[in-house]
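Heads up, there are several structures right after this.
Next come two complexes, and both contain subunit A; in the first it sits with subunit B, in the second with subunit C.
Our next item is the complex of A and B:
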């Protein structure tokens, strides 16, 4: 069990859902494969996907849905 | 009632622009801002600043209650909405009036009519303004095929509640239309809370030409037209006044039609009527009216000598129009290019960040409207417009030469900008000749991707 904290690559607003009212991309405890979408970052009205670069189990989010985030800020923990 | 204290319900370069106009009139200013914008230039320039909420625009610049409350608490007697955000929100204009404050703009009824594409089209037709052949009102999955056949393919499927180029699809034939309708309706419902759709003939090679008007609720005048065909993803990037190559007869017909519609709706304030102009036939068609100041208003100011933001504040304060139509004389040529925090060499990827150094162009005929200052950090939460480089000269050729020189002086260090795109455009032979249409820029970008380092022209 090694928990890795992944930093947000971009500044913007973090979204855990593809659209309002839809289910989140990932819940805590979900299995994550490389390339899976963890969430979206809205940067200047453009939505960029945050894709997993390592596989594992999602342990925690450090940023809430629809909250601002800075580049380099811890975004989520993954158990690899 | 003359305005004494004006609250600016916007951000970025337009907030700076409004503060400057107010200050010239001796009006005190209150700048509202989100928590991410506490150090923006407009906050530094304004007499007072009020924090109205978190970075998210929905919780700050779109928060009607917080903005009205800030106006009341600061003793402001008027609110200028700028462009975007709440500028074309009739409910906001109503809330401002209900709080006994002046809204710098037209009446809520006018905003509502012009904000509903089908209603705006009906108003234009009633005023004798040509509209694009299309469905008169909302279509359904059942009625659309016959109506589309009557209009002629290709047709555009548009969301009645859309705007800013959003919610538009093109169907080339009946099969495409049938496939597209349910999806377009669902998307419009999700994006705008209203799934209503209407149809319009798709005009392939058109110019986007728009007319600036000012009205005081009794009479209206026009201040000539702007050419805004250079667009990417339906966002304008380069604007000019007057429109190059527009025959005088077409110009006169276009501008007088705009005045007819403005007077018919007893328009008050600054507004813009957008048209498609078909070079081949000389026909023009009304698309929509924007009931606010527009990003590209400075090119009109440069050729007419009229400060549009000052005039809209004066009108909101109860003054009648200060100019008659005969007083408006356009002189020379102006070009504006939008400097956005986007990297044109990487598919216009957004580029927020800190401006480490800033070199601004200047001199005769050069104007730079911006919110930038050295050390400013451009936040990631809002649109990418950083500033507008505007040049004027006696001729279009002279204005382009001045633009080339001014772009050479402009230096924004620390973040990527679209300045390089404009440096390439200003050297393009089609641009120099004014030979372009609304899809020209996207074709040009596809043919000729911008290299990270400026290269010599290779395209014919």
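Our next item is the complex of A and C:
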């Protein structure tokens, strides 16, 4: 098993849920397929989906829900 | 020659120096948020300084070139990659037909400019190729790029060569600004002197919704207003005025809580009081601020503002000289904001 840390591609606010009150896109331990949405980054009144580029198992989040994030900051760990 | 858009990035638009002259009928200036970076990108590939290029905010696009091209990326540190191999910023490089230009994640700044020799040849609208997305005007169909778009490129006219670069000290705006200079007025008398001091003393963080229309800031103390009897038409909110023109760079503070600096795609008038106006020399720096970046507003006099404008002009002239670009012919640009 190899754990890879994925960096956030753009700055903004990180959301783990599609909308307030809804279930998170992914929980730790969930299987992730290429193209799955991990979360959203809100910036300039736009929500940009963060899509997985590798398949694996979600290991950890480095940024909490609704927290600010910078481009290049570690966002999540995936076990591929 | 054409460029195929494989991935669009976040909000990639065609921009030149803008379309001044129509603000009186509500059509904003538009044009690059960092006009210095746009000019330099164009010079590096032998275009006229005001040629149309791509403005990429926070995230770069993926672009496939149909023919050989000369390209330069300036502004934000958004590292270009050609078929996955890194290329330097602020330096012209060759792209071969079929190659894909993509970008690594943003290292510094907010907006990168991608100039291509021959310029992005979308139609002129009211004298400019700039995109005003809110008004669906200019650029490519009046909007940000989408995957599948094909961008027309004109014939290269200049004599630029591969590997042309700009010295580090001439890469204006490549360091994140921490202070924005502004001239107080016309309505700063609406807030108490203590409150105005507080405005200048506080750190203000860029709000994530900041965009080409305006840069919103938050985190400082709310403003305290001087009591008044509302003038006819202003309404009861103390931050409102009888409608007025909004200059480019003006700072409105709706409700006295979150200042908004109007930028290239701003509305031209309305009923919010304006605390002051960011000086023209510092407007490019705003275009390079990321969300959550902190700045202070610093009051300056008209003399200081004009000195700052001359300093910016001198830096631009040094770039022109270093690249053998014409210095004359830019007189109108000299006077423009």
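Remarks
Heads up, the rule we're going with is that the second predicted complex is superposed on the first by the 80 of 80 C-alpha atoms of A that agree within 3 Å, B and C clash if a C-alpha of one lies under 4 Å from a C-alpha of the other, contacts with A are read in each partner's own complex, and residues count from 1 in each chain.
Basically, a contact is a pair of C-beta atoms (placed from the backbone, for glycine too) under 8 Å apart; a residue touches a chain by one contact, two chains touch by 3 or more.
Since we're looking at a predicted model, the values are computed, not measured.
Aligning the two structures on subunit A places subunit B and subunit C in a clash.
When both complexes are overlaid on chain A, the residue A:19 reaches subunit B alone and has no touch with subunit C. Contacts of A:43 after superposition on the shared chain: both subunit B and subunit C are touched. Of the two partner chains placed by superposition, only subunit C is touched by A:72; subunit B is not. By the touch criterion defined above, A:60 reaches neither subunit B nor subunit C. By the touch criterion defined above, A:34 lies against neither subunit B nor subunit C after alignment on the C-alpha atoms of chain A. By the touch criterion stated above, A:7 is placed in contact with subunit C alone, subunit B being left untouched. Between subunit B and subunit C, more residues of subunit A are touched by C. Within the superposed arrangement, the part of subunit C that overlaps subunit B, taken from 40-48, 130-138 or 310-318, is 130-138. Put simply, subunit A uses residues 10-13, 42-46, 68 to touch subunit B in one complex and subunit C in the other.
Within the complex formed with subunit B, the subunit A residues making contact are 10-13, 19, 42-46, 66, 68. Subunit B contributes residues 36, 54-56, 190, 341-342, 349-350, 352, 379-384 to its touches with subunit A in the complex.
Listing the residues of subunit A that touch subunit C in their complex gives 7-13, 42-46, 48, 68, 70-72. Of all the residues in subunit C, the ones that touch subunit A in their complex are 10-11, 57-59, 105-107, 208-211, 290-292.
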